[in-house]
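One chain, chain A, appears in both complexes that follow, with chain B as partner in the first and chain C in the second.
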Partner chain A sequence: MAGITAERISVIYGKRRVLREVSLEVAAGKTLVLFGPSGAGKSVLLRAIAGLEPNTQGLVRIAGADVSALGPERRGVGVAFQNFALYPHFSAFDNIASPLRAQGVVAGEIGRRVEKIAALLKIGHVLNQFPRELSNGQRQRTALARALVGEPKALLLDDPLRNVDAKLRYEMRLELPRLLRGFGAAVIYVTQDFREAMALGDEVAILAGGELLQLGTPETIYATPNNVAVARLFGDPPMNLLAVETETRGGETVAAIAGFRFRFVASAEAAGKALLGIRPDALALVPAGTRGAAPMTILADTPLHDRHVLLVRAKDGNELVVSSRVPATSDEVWVKPDVALLFAQASGLHMATAVQERAMA
Partner chain B sequence: MVRPDLLKLVLRGLALAAVVIFFLFPIFWILLMSFQTNTQILRLPPRLFFAPTLANYTALISGTLHTASGTLQITFLRNLGNSFLLSTCSVIVSLTLGVPAAYAFARFRFRLGENIAFTLLSFRFAPPLLVLLPLSLDFQQIGLSNTYVGLIWVYQLICLPLILWIVRGYFEDSSPDIEHAYRVDGHSWWRAFSRIAVPLARPGIAAAGLLAFIFAWNNFVFALILASADKQPVTVGALAFVTAAGIQYGQIAAAIVLSILPTLILALYAQRWLVEGLSLGAVKG
Partner chain C sequence: MTLQLASVCKTYRRFGKPPVAAVKLLDLEVADGETMALLGSSGCGKTSSLRMIAGFEAVTSGAIKLKARRIDTLPPARRGVAMAFETYALYPPLTIAENIGFALAADRSARGSAASRVRQIADLLEITPILERRPAGLSGGEQQRASLARALIRNVDLHLLDEPMSQLEPQLRAVLRGRVKSLLRERGYTAVFVTHDQTEANALADRIAVMEGGVLQQCGTAEELRERPSNTFVATFFGEPPMNLLPAIAEPAVARLTGAPEIALPLAVPLALAEGQAIEIGIRPHRIQLGNFPLRGIVLSNQWLGDEAHIAVEFAGRTIVAVSPVRIAVRAGDAIGLGIDPASLHVFDRMSGCALAHGGMRA
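Let's turn to the complex of A and B:
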């Protein structure tokens, strides 16, 4: 269990606290995805771990050693920057060789290791070129190669696919997990892209407003976000959130909305105003009259990969997004929910998860 | 389609020629004057064709000036050497001090940082004569008047703010992430500065150094007051051509030609860096 440990990391700029006591841990060989909206403090946390943030409080351990007091050059981390940060006056080869030169590796060995990593990243043919002569994709691979070549114990990737085109992003999303596993480093990967987070993360940390909102496997966070903010952020298309009035009857909390009726096992404080969350892919199109389903009118239909994203309106006027595997055959559809989540109105905390009981219609 | 293009080309050529003549004619005229005797120069109307003479140059190089009222010793070559020494040393000192300072002002926010930077700039607003009077008294007391060290020190008033402000802008333009990446690779702060930050700002440093050199070279009043004959640069030394027997236009012209040569050569040489710098910036993306 070496890897990266960050304990109670805070970063303060003047009076503004950019990061508030964030703690996390990544085991060697595992990837933690830092996920959150822009301005959440993801890059700041990464820089704090790398030693590039002078206003950092807290403890950073890399491979078991406390590096909090060390400069970035002595922490033994590899970093890929969002803007690539290649040295414009060095060739691609010299860019990649830079960490090895700093370690004092002999020239022949440098050549061998640069060639090896370049071959792995498919940039072996452009090593003599300068960054300005490279395509965006090649720049991004060069930056990755530079971060990987020194075989660091900790690898920090700051949204490395942000500035590359969609096709390349797709390729790299498939290629990266295998590549990273081969190095056995503890990886922290920053992204704003939900699909990247799902594809790459052994664990996901949701960061917003400088605070860690939730830490867990992508599946856990997707299934049970522990508050509304996480539910809103994590998911594409995002979760449907409806304001409901709940009633408590004999130890059960019942929420009825959009023609659905949900039963929760929740404490009495769940009664009253709350937010009901239903994932678009927890809603399915079913034959008319199916038990538990409700009729809806289709307002819009957008294909997304193999799915159809439908915007539908229930009889009570509530609008829902449905992500369906099958296309809608008419403007009137019957929709059946699978699971729903109940969040407290004021605090946004997750209170209960329910399976639908039956349709009211 | 061809005709308007041709017309445009001709008009552009004419416009360029007009600009070139406007700026280069005085220099060209001085060059002609430097090969003429005083009588040829003062002839009316002036003539474009004449029997050229090297007398002006030989007088400057040999250091003896023959005038109607006798022979004068002049120290033009020594002045030229002084100019060279003073300007070069001033620029070297300014770069050594100014480039790290510019980096600090560009990269770090510290208490009174902006105030210090502005104060340094304000040295350039102050009228030199205002500074010179007390300075010459002080220099006499501490034994710095009429020394190269003293002059180079005072020349920092000209060079340092220029270098500081130009180079600072170049440092601010390059992303700090590039230096951060180099640090993370395992290189020390100093290496990131000297191997990454300075080379990336090189076009700016070259431009600032060149400008500082020209400003120092052209300075007149500091050296006039703080140095005596043997330490004076060409700008002050040219006063020697105003003699009892009249103004030696021929020698002045020859002296000007010789004194603009070093800056001209330097500018042509540095142009390479300047142009490279511009094109590097254009594709930085």
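Let's turn to the complex of A and C:
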């Protein structure tokens, strides 16, 4: 297929395997977000695909051709890094032109293409300046322009918005998808920011400890993380996870905690110790005594943008984070969940989703 | 007032270089039990201000009072403040427990209960498992929580926190923000913290002082900054997505959009604006309604973020952003109606950037 295919990529440093048989595919014109905590192996995977990681095992195809044995400059990939990695002694123009010069493109053609991409990224007016004279945002756009100017079939972006301020990050988050769509390249985009992953990814790959934990659309991963590690990582504020003792009887598994009672379709695996996951935005403030709700005490309200992020304590001492559009009107509130997930405590695997809940009588 | 800064200036003079005015005439009052954030981007003067309160920098001019006592001439240790440093500044040979309890060892009244107090604050910040370890080898997030614990365990007149949660693991952030905020309130602590992250300021502070270029731009609650920003800097710095701004020309009771002269937006209060005055019209993304309205724009993108949708729309020659609490089925290229209530409009002077009106109220 056109685009990027990585098959069973492993990277080993001495005795340490930093990447374990990761396989993924990105179609031309699509963006795959590589998401995970620091140390997960995201940048290593990107470097392996770019050909910058000498200890790589596995197969890399770009636009259908096996490039595993090729050097980075012959793979047809564009790369931008979070620290921008601009040549300090080159002007913005020469930085952007550098991949074209390496390919031996003629001078007139270089000028035309650099100016075109610079106009698209709104840095046409700073092409004669050196990196030290550019603002952080302009540096980041210059690095992006350099990655895009060769019109690569594969574009690898390593957390490119990490080092720019919040306002610029927001602007680029809006602008990037439109920009990338115009190029038709297959894009792999590394980030640790949940909202960036939601906004930019056609698909998201969750990486932790060098392993691919889940691959799917952002919506699927948010709604049904297949693993407690994914549930913990993907969301802001993250999913509440409570240790719970379940009981299985009469065709259902029941988890009672924090004043809630959840019923799951029974499975032998679900009996005993488990972790119950509830998204903060799946918890709502409701009138006192509402069926299925439980009373809680508010410890603090720590707003996030226009939402109220409430830290609440249940009668059994468990703490929960509630993300509400409306503020709480008193310190004692009633909270009602609308969906919950059950994870095996030992393996962390997702076992069941509660479809129905009842108040503890 | 617990803490008062009056006309505080900080000018750095280095031989052979022009002087740099890092903080200009800063007036700030922090009430007893209040948490104040100093918010701004790097170089705005927030950290210099914090260091002057702590005593690590001398004030160039002006006065700082804590509980009615002039402190700007006192050495740091005699000011009655506790500080958590952005660089953590933990003692490498001491365990985390010893680091946290260090200041209590000197405090006779605390001696008997020191161990239990260390344990209590460590539980709160989820560092109990690392209490017997030394700082080297701990993650940035763990060291930062230890540094925060060392400051919060002390019962002093003022807590100063420099980027207190910048390195925190995202999975712990929501819960720890809540616990720290609840602790500050429960103990009645007065605190000033510095951050470049508006989400942290919004989450933790009672009031936020926005700084830029060494100058205090506005000090108020998050709601005041959002609903009544004093100028276009604050309007576009605070809030995500930032406020949309559209250049316009004032006419009696309407604003004629520069990018689309056929559109005249009615203003809620007839302002005493000079006709023809260059203004900017501001509208917060959360206040734009989408649907069947006469004002039309073209959708550029529609991003679902898990709990709300951000829709970028080309309108009057600009890209504006609207936020919808629910998913809406529009795609790039679709035409869409924009509902803009005059009561949600902000008016700024285009030259100075200063606010003239917020909805129906004059600024």
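General observations
Note that the second predicted complex is superposed on the first by the 357 of 361 C-alpha atoms of A that agree within 3 Å, B and C clash if a C-alpha of one lies under 4 Å from a C-alpha of the other, contacts with A are read in each partner's own complex, and residues count from 1 in each chain.
Keep this in mind: a residue touches a chain if its C-beta (ideal position, glycine included) is under 8 Å from a C-beta of that chain, and two chains touch if they have at least 3 such contacts.
Worth saying up front: this structure is predicted, and the values here are computed from it rather than measured.
In the model built by aligning both structures on chain A, chain B fits alongside chain C without clashing. With both structures placed on the common chain, the touch criterion links A:261 to neither chain B nor chain C. Shared-chain residue A:113: touches no atom of chain B or chain C.
When chain A is checked against chain B and against chain C, the one touching more of its residues turns out to be C.
Legend: residue contacts after superposition of the two complexes on their common chain; A:85 is shown touching chain B, with no touch to chain C. Residue contacts after overlaying the shared chain place A:30 against neither chain B nor chain C.
Once the two structures are overlaid on chain A, chain A sits at the apex of an angle of 80° toward chain B and chain C, using CA centres and rounding to a multiple of 10. Residue contacts after overlaying the shared chain place A:350 against neither chain B nor chain C. In the superposed model, A:61 makes contact with neither chain B nor chain C. Contact with chain B, but none with chain C, is seen for A:72 once the two complexes are overlaid on the shared chain.
Once the two complexes are overlaid on the shared chain, A:166 sits against chain C while remaining clear of chain B. Across the superposed structures, the minimum distance from chain B to chain C, using CA atoms, reads 11 Å.
Contact residues of chain B toward chain A in the complex are 175, 177-178, 180-189, 196, 199-200, 280, 283-285. On chain A, the positions that touch chain B within their shared complex are 47, 50-52, 71-79, 81, 83, 85-89, 98-99, 101-103, 132, 146, 150. Note for the complex: chain C touches chain A at residues 41, 169-171, 173-175, 177-179, 181-182, 185, 196-199, 202-204, 222, 236-237, 239-242, 286, 300-301, 303-307, 310, 312, 319, 321, 323, 325, 332. Looking at the complex, you find that chain A touches chain C at residues 37, 165-167, 170, 173-174, 177-178, 192, 194-195, 198-199, 218-219, 222, 232-233, 235-238, 280-281, 299-307, 309-311, 319, 321, 323, 325.
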